[in-house]
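One structure, as structure tokens, below. Some questions next.
Order of writing sets the labels: A, B and C. Residues in every chain begin at 1.
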């Protein structure tokens, strides 16, 4: 009986090496850091990780079709501002969020048009969008952060909970499951992977690679937009101007780390979210340890490198990176 | 077999620079019509100085673009911010100390470049991601070393980059010109430069001709880091103080300037003079927008749109050529 | 097996830029037979197949499937008509598993959902029909070359085709894998699927085919029934009787050995390669597609790692080599693919010639431009490179002149051994002659040349001694004057061992 368990454990470790390390790390945190395992802390992690997950999911969609979206952070920023601005102007929660998502979709379409129809390399196109969006953010908030107060309904969106579960967690969970099902179960999901895996083979098989890319960039924009709206709710307002690169690394890290969690090393939404939560836990634990927040950015970079190396050891390339 | 004598300078090389030259001229004229002050000696001198800083960053970026393999260096801004903050932490009272400090900041940048290069060649991490990661790590390091405090008290030597040597020409401008000239000469006239272009254009052929492709690629990133390190030091001298992430915008602007100047993102083709012209275009643009008293927000938008348009047309025409 | 053709191509005409590549070619195959398509390089086989596959458009002629005429405009059309292809380099999605690659683009649905269970089930059935051991769950990227081919076959079968065309399928396969392929083919024909088999390998063709169609110079020469013909007759059809060539006069064998290859084994050359080369000798390396010639070159120049054996160059022995090491020892390589490996297309003639020679033009860290110019002009003159000047980009040169630039690059180093891999591909007749003359004069001046080619006439013109390769082994060696083209072809197609 013990033998069976040991063999099962060994197999698990072999196949899910990275997951094992993650579990072990979390265990270490729980054991050595008293505050980590508290309910409040865990809820915090869930909420912050949820926001990050949306960005990471956006990046994942685009990476799946073999593209790249440098503008997710910028879209996230501007939608935070849009949403906060609309709420202050009294447009109501639903409309504000809807407009944010629509704005995200709009920027996603802008990316799509450049990449798919004008055939600009994804990196350049999305960097261009990043510039434009950053500029628009500035134009919109004139360099001031927007402060919200006395918006209980709006705040409850990201800061509240239903039946004890944080709302953000519910929203992200639902979205993740929906995306997961669509990718696995429907033809168009499969075709997105095919487009990223070998677009020539996909085209030769009659697959509409253009449609796959349209879906990916559109979804990326929408998810970033939704993330921005929820962020506005979470931090009760918006920041003046973030750095364009700030979220990109974390989004990449979560996407690639998530891809190492399943046997085949494919990018997948579930893995991405789990990785995003793990990275958030990492940041959180390190802060609790009293490690100065100064180190945190470097940590994420290291995590990404490790994810890339471990997850792709032995394989020839890092997934489907067609940057230029 | 007779054929006419051809000069070393290809007409093709100049043709690539023409658009930038034209745009610079147009912007200058446009600025002049808006206000006489635009082409005043003081204003132009200031523009040239600002452009020189960008020129350093662009030169660094150009080297990496030339080395091929989808090369790009997104850590330039981070390195610049690092040396801008950390440089003044060293004693730079005397010229000797100043020289030593200069060498140190270059070395710091070079080490960052070395890490980039190793990650890219040894671990096979795409340059985009590797340098992006490095930028993050460098920020963390900078934060750790400076504990977030800005650099304030600067030695006079460092501030001397602002000194006017000739009308319109300050010390910093001279440094910029020297850097571009040196880089261009190295590229066209030395073996090392030629090897870089070959490796960037066709690494397979380069390998079959006995060139050490990996070594040259890593060296490109080391050079880029070193130049960025130096640029950061110049930056703090120019600005008089330094804060975290002050050089952020230089990263993407250097990409844009290099592309405007005709450098191919695929590798092997490009010029540093072109990069300098591209930098000039960008700074002139900013300057004109400032002069038009356009509110900062709208300015950003216009800059963003124009930049996007320029990048798109440049890379599109290149893809069409392929 | 009825006599009525399941596929018939009649009077196919195709030209490129004024050159006629296919001249009223007729080609028809019967249901359930294995029909071989043979011909020398450039005879038109692959063009004919590309027209059938919808990659090229024919200029004239008609195509019938089971008596009904079809119009092929795009790659989808032949599939719909029941014609499938197994290419040399199949297009797969590496991260998908075998089953999903088989059904890519035509996934069975349950309502609107992809029916994964059915995909695995059906894939399993097809794989079993082929008789392969590959699991439907295996990932495409983990498959070996032979397994990828089987996946390709499985995908072709998923369209329930009447005809499957194989293009040089056994080139990358090992002996056992070839046997497996033949089993698969025999299963196919038992199920009344017609197989078109394009290959150079005579022994295989005589084993599995029922009929052989031979093309030569874009014309269909004849269709023979395998049982009633001989390899000789086939070769005769491939070459034609009007062979005019000038065999090289006999070479004086008393030179010392400059290069010795002893027992070399690489990952692409599983069986040992041994040969030697004398000073001033032109050694021809002859073989058809998949024979292993380029693999030998890659081993010689250090591109592929040597796993066993050693190289001796000018009396220095090496167990491991690299391009720069070989260059330092006086070996030069003009690769087959000059665009990808020989030239930097954006650079000028002068820069390309300097590519391998920068150390001889140095002035400290700088390039000694004067010396560079002088040397390049000299070489240009010597090789009669026709251009507008040494500063013209090589992309604007003709194929022949481009090749001369590559040659010039290496000649500057005064190598003692010059390896030329298919140097006259894409080169016009005039430049070809110049290259032959150059080889001759180099040999006379003491340079040893390894000349790799798949054109029999060419190799007889330049080589003193010829090694024939087949299936990654050297299977024959003889003097140029001591044999004839027919025998050469016979050995190169595996018909007979050399005497």
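Keep in mind that, in the parts below, contacts are C-beta pairs under 8 Å (C-beta built on N, C-alpha and C of every residue); 3 or more make two chains touch, one makes a residue touch a chain.
No experiment lies behind these values; they were computed from the predicted model shown.
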item	value
Pair with more cross-chain C-beta pairs in contact, given A-B and B-C	A-B
Label of the chain whose CA centroid is most distant from the centroid of chain B	C
Chain B and chain C, separation of their C-alpha mean positions in angstrom	46
Between chain A and chain B, centroid-to-centroid distance (C-alpha), Å	31
Residue ranges of chain A in contact with chain B within the complex	68, 114, 118-121, 123-125, 127-136, 138-143, 243-245, 248-249, 252, 292, 294-302, 304-305, 308-309, 312, 317-318, 321, 323-324
Interface residues, chain A side, partner chain C - complex	184-187, 190, 193-194, 197-198, 200-202, 204-207, 264-266, 315
Chain B residues touching chain C - in the complex, by the definition given at the top	1, 3-8, 10, 12, 189-192, 194-195, 197-198, 201-202, 204-210, 212, 268-269
Of all residues in chain B, those that touch chain A in their complex	70, 72, 74, 119, 123-126, 128-129, 132-137, 139-141, 143-144, 147-148, 245, 248, 252, 255, 259, 265-266, 295-305, 307-309, 311-312, 315-316, 319
Parts of chain C lying in touch with chain A, wherever the complex brings them together	75-76, 91-96, 100, 104-107, 109, 112-114, 139, 141
